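The next block holds one structure in the form of structure tokens; read it before the comments.
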Amino acid sequence: MNQLFSLVDHPQRTVIEVQNLRIGEDFIVIAGPCSVETWEQLYETAVAVHQAGANILRGGVFKPRTSPYDFQGLGMRGLNLLRKVAAEVSMPIITEVIDPRDVPWVAEFADILQIGTRNMQNFSLLKEAGRSQRPILLKRGMHSTITEWLNCAEYILAEGNPNVILCERGIRTFERSTRNTLDLSAIPNIRSLTHLPIFVDPSHATGRRDMVLPMSLAALAAGADGLEIEVHAHPEMALCDGEQSLTPEMFGDLMKRIQKLEICIKELS
Amino acid sequence: MNQLFSLVDHPQRTVIEVQNLRIGEDFIVIAGPCSVETWEQLYETAVAVHQAGANILRGGVFKPRTSPYDFQGLGMRGLNLLRKVAAEVSMPIITEVIDPRDVPWVAEFADILQIGTRNMQNFSLLKEAGRSQRPILLKRGMHSTITEWLNCAEYILAEGNPNVILCERGIRTFERSTRNTLDLSAIPNIRSLTHLPIFVDPSHATGRRDMVLPMSLAALAAGADGLEIEVHAHPEMALCDGEQSLTPEMFGDLMKRIQKLEICIKELS
Amino acid sequence: MNQLFSLVDHPQRTVIEVQNLRIGEDFIVIAGPCSVETWEQLYETAVAVHQAGANILRGGVFKPRTSPYDFQGLGMRGLNLLRKVAAEVSMPIITEVIDPRDVPWVAEFADILQIGTRNMQNFSLLKEAGRSQRPILLKRGMHSTITEWLNCAEYILAEGNPNVILCERGIRTFERSTRNTLDLSAIPNIRSLTHLPIFVDPSHATGRRDMVLPMSLAALAAGADGLEIEVHAHPEMALCDGEQSLTPEMFGDLMKRIQKLEICIKELS
Amino acid sequence: MNQLFSLVDHPQRTVIEVQNLRIGEDFIVIAGPCSVETWEQLYETAVAVHQAGANILRGGVFKPRTSPYDFQGLGMRGLNLLRKVAAEVSMPIITEVIDPRDVPWVAEFADILQIGTRNMQNFSLLKEAGRSQRPILLKRGMHSTITEWLNCAEYILAEGNPNVILCERGIRTFERSTRNTLDLSAIPNIRSLTHLPIFVDPSHATGRRDMVLPMSLAALAAGADGLEIEVHAHPEMALCDGEQSLTPEMFGDLMKRIQKLEICIKELS
């Protein structure tokens, strides 16, 4: 028996519909802050990314942090904020889940659930995500091979949820000038093995604001189906990951170039 | 404020009492099969490791497997088997938990709970483990720095559970002739930073039966507080990780050498 | 004192003139076989890459091979072949040097000298290359940080040779489905630190023919100054690295897309 | 044909005689400073390591340094110093070569030639070393697999020099609290594949003085044939690698423990 992620029995590419978006068909940009902090912060950022052309609003409410004493996210309260702000700008939302017990109720509020790099092999969480009706964006483990990653997607698919989006976000190597090493060869690699859409998160991969634009253009040129980008109205005040967040102005510039490049890339093939 | 794991406010080394064992003071050997399969398999293995001098019986009942179609463990039924067999040989038991919802009930049956490499940064599981009354053996993430590992121990300590055992089990590198690269420098590294006991698992680190003995001796010489070793009465029939399991004979030989070396090492210092 | 590679004292980007090419200003494609084998093989490949629009002909005559019993290259005889074939198609040539004693005489025949990944920190070779009058293409060590790489360029610059081209060719990581992991973030990284041109070698980085096109497009989109690509008239008969060599047809298709994308990328900025 | 390093055609372990030492049979300790600086520095260190029981004196005169502006070693003058000091304490010497042109003349002065981690795949240097009559200590490349390392030994053996000593010195990983990650599993790994002696360099592997003792004991317990350890009479004044050099007192203590453990290890087997 072939695996469900495999192209062998499923040669046509998966298209996931979220509101009026067709993920896997149109090039999609997810944008927003690392974590939901306040109404003002989120609203200002959401309006900016929406005007720039982003398709989906991101915002973390449960933050998997290295230290138990770091900011852990606003939880339910943050999710309510995210929901309300998203309604103002008419954007679908994506948010991360880190505990299998939270999947059912978070799935009622969020349009897409995200499983982060540290939880890629949290099999209980994967199974619970597989029982949810929501699309799942599954980040690559920073220590994971392509094969392991696809097997984790299989955990979700095997529970009956066909809507999995893979997201490359950098792997851990010896190089220290970037947070992780973005593996863009994962794009053709994944496309040769599965029908599932493949996104790229250049913000976490590089950890550096100045590299988000070139890596976004490169991801699009390499065949990615979308991007996930951190944007914060005031990165210098961000409670987490400020150094990798774009300002609204930088994001606006990025979107203009992405849109032009997208047209060009379509003509290439 | 210093972290709870730190030696700064807590210079004396932690000693964890489990039945008549003093973990962190005596050199401890945990042994048993990767996974609980049948009464016969477990009983035969348990008797053998007990006679050879092992202190704690290990056996997995929830197996975090790369593929959803691989053997996933016997669950509750396996835990009952483990409990009964352990009673026959009067050994405490350790078993892995992979879901925060299982921590309370598994803690009723197991003397020590293990958190595996893939779950080292499963913060929900860590917090639940911190609320349990049982000692927790926390394996190093195969992709984790020493600092990240200690911060995960802190998640458990911060919930009020002071009994954390750290266990080095190899990190992921480019080398392919071993399953992972065992980092024995983690032993003096950890001992210079924390009062918590440090164990070594040479079976998973190397993935090779022929390396378990030399790496066990090296771990003891480097200052480890204990070992966790896979033993299977019939490795060729094991449902998982057979190629790294010792036979009872090999384990008996290992224990004799460990006991002699232990005496020698004590005299060195 | 700032280092010679640094942008601080040398903010304008280095442009290296080779025949009528302006490396660092125009987008340059180096193409050819891994190693020079026969007149027919080289001539057929050279004509094909020249017609497709490649700018520089590559061909190895000293092959650094893992085993001493593998094909080690044709040496002087190969260099003569390379020189003659290049004259037929009027292309400048690049070839690798691996021994400091060969630098002076190889520099008489080759337009550009290449220093490979295994020799990035061969300091004797770097110094000899620095005393040559030829431009040097310095590949990144597969185990080297960006900082170490730039320091190796400094060894060449410090001897009085200002014409160094850097070439990212993948770093060694745990991922096994590609030969190395291509680090395209090295492009903006390098551009933020030095005025030297930065090329990308997608053939050695991925080791897979099917990934050369998408990684080439991505490199261009990320801001690379050029590409080095393996092409072989008959890859299935290549004495080395056949599985990563493009056929002339594949290379022709790649060049068409690269040329279109190049126009688009110029309009973006 | 089997490779020359292989145990298949050569099951008996290689023993290399240097003066009255039998490398591969007796446990050997190489000690001395990272680099030869002055007569006083070298003499004071040599007397100390000799009295403590070291067998071979080390000292670098060509230093492969990351930056061209760092101290590069004393060259010929340093070699003369090393030779004279060694005569005073009647110890054989080992020194590193980094340029194939230096091999013949350095081999006249040094008892053993060392090839460092950055030059493991410098094939010209390996071949020249193979033509020398001196034993060669070949360090593992920090990025090299066991297989690649043995193939580099084969380059030396294939030239007719049977006296190769392998030396594990740490591999490059993501862990940042040590300079490299010491891979002690390389010891049984190498012993299962070749008859050549295997040494360990805990100084460069960890980069930390406090880890040299525990890693030395572990290397001996794991089956190493010898150690190479950095000792400096005044580490705080060393021109390179001071932070990993032992003081003479620390080295004296290490040697006492090593000698006791050696007796114990012999009794184990």
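Each chain carries a letter (A, B, C and D) given by its place in the written order, and its residues are counted from 1.
The rule we apply is simple: a residue touches a chain if its C-beta (ideal position, glycine included) is under 8 Å from a C-beta of that chain, and two chains touch if they have at least 3 such contacts.
Bear in mind the structure is a predicted one, so any value in this text is a computation, not a measurement.
Taking contacts as defined above, which has more of them, B-C or B-D?
Comparing B-C with B-D, the pair joined by more C-beta contacts is B-D.
So which of C-D, A-D or B-C is the twin of A-B, meaning more than half of its contact pairs are the same residue numbers?
So the equivalent interface, with over half the same contact pairs, is C-D.
Could you grab the centroid distance between chain B and chain D? Build each centroid from C-alpha atoms only and quote it in angstrom.
Here chain B and chain D have centroids separated by 34 Å.
If you average the Cα atoms of chain B and of chain C to get two centres, how far apart are those centres in Å?
One centre to the other, that is 48 Å.
Do you know which chain A residues sit against two or more other chains?
Within chain A, the residues that touch at least two other chains are 143, 147, 172-174, 176.
Which bits of chain D are touching chain C when the two form their complex?
64-69, 98-101, 118-119, 121-124, 141-143, 147-148, 151, 154-155, 158, 172
Report the residues of chain A in contact with chain C in the complex, numbered from low to high.
Those residues of chain A that touch chain C are 143, 145-147, 171, 173-178, 181-185, 187-189, 192, 205-206, 210-211, 214-215, 217-223, 257, 260-261, 264-265, 267-268.
Any idea which chain C residues touch chain B in the complex?
Contact set of chain C toward chain B: 172-174, 176.
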